Amino acid sequence: MAGSQDFTADPRNANLKVWLNGQLVPKDEAKVSVFDAGFVLGDGVWEGLRQHKGALLFLDAHLDRLYAGAADIALDLGLNRAEMIAALHATLAANDMTHGAHLRLMATRGVKAAVNQDPRNALGAATIVIVAEYKEPSAEIATKGLALATSTIRCTPADMFDMRLNSHSRLPLIRALLDVIPKGGDEALMLDPGGFISSCNATNFFWVKDGEVRTSTGEFCFNGVTRGNVIRLCDANAIPIKLDFFPLRDAHAADEAFVTGTFGGITPVSRIDGHAMPAGLPGPVTQRLRTLYDALKDEQALYAQMRAAP
Amino acid sequence: MAGSQDFTADPRNANLKVWLNGQLVPKDEAKVSVFDAGFVLGDGVWEGLRQHKGALLFLDAHLDRLYAGAADIALDLGLNRAEMIAALHATLAANDMTHGAHLRLMATRGVKAAVNQDPRNALGAATIVIVAEYKEPSAEIATKGLALATSTIRCTPADMFDMRLNSHSRLPLIRALLDVIPKGGDEALMLDPGGFISSCNATNFFWVKDGEVRTSTGEFCFNGVTRGNVIRLCDANAIPIKLDFFPLRDAHAADEAFVTGTFGGITPVSRIDGHAMPAGLPGPVTQRLRTLYDALKDEQALYAQMRAAP
Amino acid sequence: MAGSQDFTADPRNANLKVWLNGQLVPKDEAKVSVFDAGFVLGDGVWEGLRQHKGALLFLDAHLDRLYAGAADIALDLGLNRAEMIAALHATLAANDMTHGAHLRLMATRGVKAAVNQDPRNALGAATIVIVAEYKEPSAEIATKGLALATSTIRCTPADMFDMRLNSHSRLPLIRALLDVIPKGGDEALMLDPGGFISSCNATNFFWVKDGEVRTSTGEFCFNGVTRGNVIRLCDANAIPIKLDFFPLRDAHAADEAFVTGTFGGITPVSRIDGHAMPAGLPGPVTQRLRTLYDALKDEQALYAQMRAAP
Amino acid sequence: MAGSQDFTADPRNANLKVWLNGQLVPKDEAKVSVFDAGFVLGDGVWEGLRQHKGALLFLDAHLDRLYAGAADIALDLGLNRAEMIAALHATLAANDMTHGAHLRLMATRGVKAAVNQDPRNALGAATIVIVAEYKEPSAEIATKGLALATSTIRCTPADMFDMRLNSHSRLPLIRALLDVIPKGGDEALMLDPGGFISSCNATNFFWVKDGEVRTSTGEFCFNGVTRGNVIRLCDANAIPIKLDFFPLRDAHAADEAFVTGTFGGITPVSRIDGHAMPAGLPGPVTQRLRTLYDALKDEQALYAQMRAAP
Amino acid sequence: MAGSQDFTADPRNANLKVWLNGQLVPKDEAKVSVFDAGFVLGDGVWEGLRQHKGALLFLDAHLDRLYAGAADIALDLGLNRAEMIAALHATLAANDMTHGAHLRLMATRGVKAAVNQDPRNALGAATIVIVAEYKEPSAEIATKGLALATSTIRCTPADMFDMRLNSHSRLPLIRALLDVIPKGGDEALMLDPGGFISSCNATNFFWVKDGEVRTSTGEFCFNGVTRGNVIRLCDANAIPIKLDFFPLRDAHAADEAFVTGTFGGITPVSRIDGHAMPAGLPGPVTQRLRTLYDALKDEQALYAQMRAAP
Amino acid sequence: MAGSQDFTADPRNANLKVWLNGQLVPKDEAKVSVFDAGFVLGDGVWEGLRQHKGALLFLDAHLDRLYAGAADIALDLGLNRAEMIAALHATLAANDMTHGAHLRLMATRGVKAAVNQDPRNALGAATIVIVAEYKEPSAEIATKGLALATSTIRCTPADMFDMRLNSHSRLPLIRALLDVIPKGGDEALMLDPGGFISSCNATNFFWVKDGEVRTSTGEFCFNGVTRGNVIRLCDANAIPIKLDFFPLRDAHAADEAFVTGTFGGITPVSRIDGHAMPAGLPGPVTQRLRTLYDALKDEQALYAQMRAAP
């Protein structure tokens, strides 16, 4: 999510240990070669995960996406699913984290013999990095909201670069964000190739009109775990939701709006291209979904505990 | 260029020194933080350069492209043009290189406070890396040629992600290459959004039919320095050349074909989607352009020497 | 379906009689003028039909499509529906066929005064040809499967040439197949104009992921009778099925896949662009659908018998 | 060209002999199997040629296009260039034709073992048919002109079906013509995928505004021999000509217009979608080009004679 | 709806009074400045409404659309919803109308200081015009029907000009109508940017095939109040209805067809591009919907009366 | 041009007379019926013209465009070319204007019997309005420049609504302007359907990079008289100019930029999406073109005087 969010430096993050290819090293020593495929080519996939009351939330969904993404780019992660889960927990344990940590798991094609695009030039194993930090959305974001501005940069279709692949090549999206920063945007709203609303540059986008939640159909936005949860929460709680091809003017006329992501969960939007959201911050439907989502997180944490118990 | 090229490890590359933010460090110590924007986001621009008889070939064109690319992504390189040239020469000097070095200059947005897309979260200066290695295209490539295969992945248009930006986010192109490796492709041929021939995944593509050199118009391919030189060499030497929207079948029926790039210069293509090039390897027009390009390199090197002389 | 299938020459096909404009003539004498609109222009429509236990399967659906197609190209078939059915049965009777025959009914605009595109230059009646042969998919295809490869040739939209028209102008599709034969493809997988999965060159395409059957929405693929039956069988048997715009990478990650057509019914796919289908050949969902489809054929044959009984 | 043209039956065509795979057979006996790839699939390429004062006009251009088209669809014609020329002349000789014959050379993939799309199922050699007839555009067409009407059917792009391939699969174009016949169109004017003027269904389209000849750029129209000649005649005679992407309204506002094709040469257009051409029939530029084209034909015939002389 | 409809001049319309910015003025004096944004720029939004048995039908839906449209173009209407309703009733009262009036409410950006596009140059308040006339569809239209012809002009997508905005800039649509008048069209049928059926130039389009009502999905057609009512009537009365992307040939093969609009309600279509509708005029499904719609109007009028009663 | 320009009210405009259908009426009495096709439908075409030293500049070009536009929408202007010129001069004479007047000539389809789209419902003659005012671009605009911001609204292609038609239906363009006003834009920069730079909402756009003037190819921008003059001035004065498909980032990196229009002539641009133009205001190439354009105006005025002299 965009930079206007105020991340308060947390003193507990002072002596972090980072997982780096099986080692837990101090943050300052967590370094990769300049010949790493991640650095030279953005050739990797990643996951953001949140720790909540001891559990890694929606872990299965995240790992499904990670392994599917790796398979899609023919990247051998080197660790099987159980080993990857162990690595995540080892990282949390090394940092004595039990609640509120935000993790970023990064997997790249590792060091290259020659820094060209050919994946066959990778010298050895994938680079696996796990960073865990205490990081929370600022309290005020729920009442202040994010300002969105629409970029002229459009989302790529799947036959060019599938937005659903959670990759290290983020520059197309950063370009969209750069486009709107001078316009006061915290996050860029992006249109699909046909000119309909599709995604934000780092989160998924929803809005509410006359009680109906609306979002894009999914071909041109992130395959978001939180997005999926919001859609399921709507269905399960009889909140009308419609996935369709909507024009930008539909969002401009919204009653309320929010973006979703693993880090921020459900974050209210204050204005879109200068159009203020009239239903308050957060709006009533947004707030209801936030409450439902909080309950879902607790339920998931409890369920994970029970599953882990002997 | 694709991995089928046989890069012979050169013993002179044993103790390389790499420029890393003003320091010249041994290759094994050339490392960046896992919080570097290049590693986490592919947020950077780069140039490949060749040293030839003491000179850095087409240095102005490369620096023009580098600074234009950095401006396009609002990246402050931290070094002005003279300082950047000095850094390149210092790297060559530290490695005692006077001829035949291949350089990769990489510039990323540096270490991030939070590893999200927001460029305002960069903590400080850009990361500047310069790698210089002895590296030559294998001698046999001129007679063996590259096999191209067309990918179903298409080039992105400029309103999504401009191919002309020489960026660290290479995964869309790597995906295209991954698509053709099982088909025996050394390099992927890619179509533009309208289905016409546009580019290879890491080089620019030309072909020859009835004495006419053909290539794409330039909206959907790399802004290649070598590409520009080839076009100028054709114009200057009365070799017919046409930049247009060509169908794939036009390349399949080519007499000869080649790809261009800073590393390989002009590299012949042996076959495209199984269609062998009937005019030999290299074909006569390809060979003539190679000869002209070799002369241009010598001329440039001489000119650079003269300019540098007191 | 593609040529890799091993059609065993059946000795019962030795003395076939072919329906040609009301006559039943030996196969070798079944000839049309080189001025026939079918030959010079591909100006005609056709149906493939299968005889099963005495009945012509799904005859209504095939005739609906035939007459709709003829109307769409302003082609007067010259025979009404009852007469066409009689012709089909007369052909079968002339060859003493009661089970296992495969029929191809072809209807072109007949002999032209001038061999140009103008339909008003047709001299007289449509050319109606009915070929009936003993022809079965090879037994091993169910375990060996078809290898698909994606063509760079895309399906035409309806405002250019509607894939749903079952026409004699097959060269766009043959071109797609030609594209993949050198890549080891038995059949070409084709994308729609927007780059999503749509069709194979001669069959319709389905795949299975996590128990869900997936296929394209239908705007850019064949209006297949078997396709319709598979969708109905899924709905009737609570097999999850989704018709949507899917990216190619979704098929690459499939558990199993199959193609459908009147001749082959439901034919398993072994690999797609080199990605093997992990769920076996045929996969469990494919096998279940094959079993259901076999039952449907028997049921249809029985029903046809009952309807025909006095 | 469309059916409104009045082809007068010529008594000299009474006892025509047709070339059929090396035999010269009476027209009524010129028949192909219903298993021929041309009949079942439209799987073939063809050329129209005109005999003028003993010579076959622009023979090299036609044969270039024929062999390129055959290569594009992987069709082995079975005859080399010299043999093909001999076949054309043998056909003319068998019919005692020395001037004014119109020839149609058709080459299909021949008889299929199974009538599916797979080219590997062709049993043997290509089917080669040469029809030569005495056929002239009616005298009055030059003063009456053709009425064009724009179809809603658009031209296919090369990544779907290249209009430049002179194929037997003409139904997409016949559909366009069918679309305009009820509107009084003799020939359909067609737009390209982006909505610009591209082609007629069977001829190429030119118009004249303020003395400038205009036509499409060539990506989405026929690779016409006469089209090429008209462009060259304009260039050679300082007649301004512009190939560009023009909107339909530009043609509606034309001073004069004409279509080109091997049979009709340069045929004036009387009206486009009801807009009459104000500059007369033929208009002055059209007439000048007709005169230049007539001279070119004579010159070509003379040159062919000289080349043929001992 | 198109001009072929025979509007009989009604003598009761002789001395109409028109609402003009708060005044009720005789029709001949209802004039606006040539500097009005409506006149110079088409800068305004409008609604058509029908009076039925004392009530303004579907008034809420019309006002919702009006105020949403005004907000979309940043136009301050100057009257709140209650005031606008009062103005409508005042206009009807001034003309002693109680049943059968057709109203057109027009709101433009008012008089401009400079006649350029900048909305900030508007000198003062919006121009509000309400015209009420006795106007009925001719009785014979139900049995004669409208002839549609497809235009080559396509509907604009929402990222260019949203068809759902009921604006005063109607020339793109008038151009489509002009295109088909010479072809005998009463109203133009228009395709969407992808070439599928979307809308008529002034009404929405539906057709019926095998008992199923079909229409476009709504992204590229008018946000019609009557369209919405027809869809709801189908749903409420178990009449199958499908909103999808349909090819033009689907409409050509329709059993019956109709267009919808506030003025004409549900108007049968007699032919589409020369294809006559075989199910009669009106067809049975059309007639059933007309009957249901008549009942809905009565119900609405009764309900409005009851609501208005003390 | 956009509203940020400071039009100083000129006292000489106090008692203007406006041409209204053959009458010269005081400005306040220049009114049209609310049934006028211009007001209800934006159904008309217009021209802006400038008087300079007694002459109407580029009068032929403006009248060519006016009559071509009227023909394109089947609008009979009612006045022939000589009569129209006389009307323009009569308007200037009635206002005693000899230099510096700006004229807007508007022609709509006149009063409608029914206010629907059908042009056949026009009751009588076209409405012709000519407004002449003393109006000059503010002196400071040349040094202050216009701020452009790119709209997400894209230009319409010619098969939807040709930007080259100078129409009264300006709302698509006003929508683009409305989009950028909150971003501080004086004028909206707009992209074409493929995402390349095409036009501003009310002017044409040029920029300068390394001494080369750049602009769009013309398919998706206004057919501007000033645009044509600038292109011709470049050609005539050896100023490099390139018309092509450029990405937005190319304009962001411009040295200088300007817009063209009849009213403002050549107006410098100060910033584009926040990117300031580094070459000053006006930049040197812009200034050179302004000087050349001033000379051209004088030359034209002199030439017009000479032509008018007895």
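Going by the order they are written in, the chains are A, B, C, D, E and F; count residues from 1 in each one.
The rule we apply is simple: contacts are C-beta pairs under 8 Å (C-beta built on N, C-alpha and C of every residue); 3 or more make two chains touch, one makes a residue touch a chain.
As the structure is a prediction and not an experimental result, all values here were calculated from the model.
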| item | value |
| --- | --- |
| Touching chain D and also chain F, the following chains | B, E |
| Where chain C and chain E overlap in contact partners, by chain label | A, D |
| Magnitude of the superposing rotation for chain B and chain C (Cα, nearest 5°) | 180 |
| Intercentroid distance (Cα basis), chain F paired with chain E, Å | 32 |
| Length of the line joining the C-alpha centres of chain C and chain F, rounded to whole Å | 58 |
| Between chain D and chain E, centroid-to-centroid distance (C-alpha), Å | 47 |
| Chain B: positions in contact with at least two other chains | 72, 152, 154, 159-160, 165, 191, 193, 195, 248 |
| Overall pattern in which the protein chains touch one another (line/ring/star/complete/other) | other |
| All touching chain pairs, where touch follows the definition stated at the start | A-B, A-C, A-E, A-F, B-C, B-D, B-F, C-D, C-E, D-E, D-F, E-F |
| Chain A - residues contacting chain F, complex | 149-152, 154, 179, 182-183, 191, 195, 248, 273-274 |
| Touching residues (chain side chain B, partner chain F) in the complex | 68, 71-72, 157-160, 162, 164-165, 193, 219 |
| Residue numbers on chain F that touch chain E, as the complex places them | 1-3, 7, 18, 20, 28, 30-36, 38-43, 46, 72-74, 104, 106, 108, 113-121, 129, 131, 135, 152-156, 159-161, 165, 167-175, 177-178, 181, 193, 201-202 |
| Chain C partner contacts - residues on chain E that touch it in the complex | 191, 194-196, 245, 247-249, 252-253 |
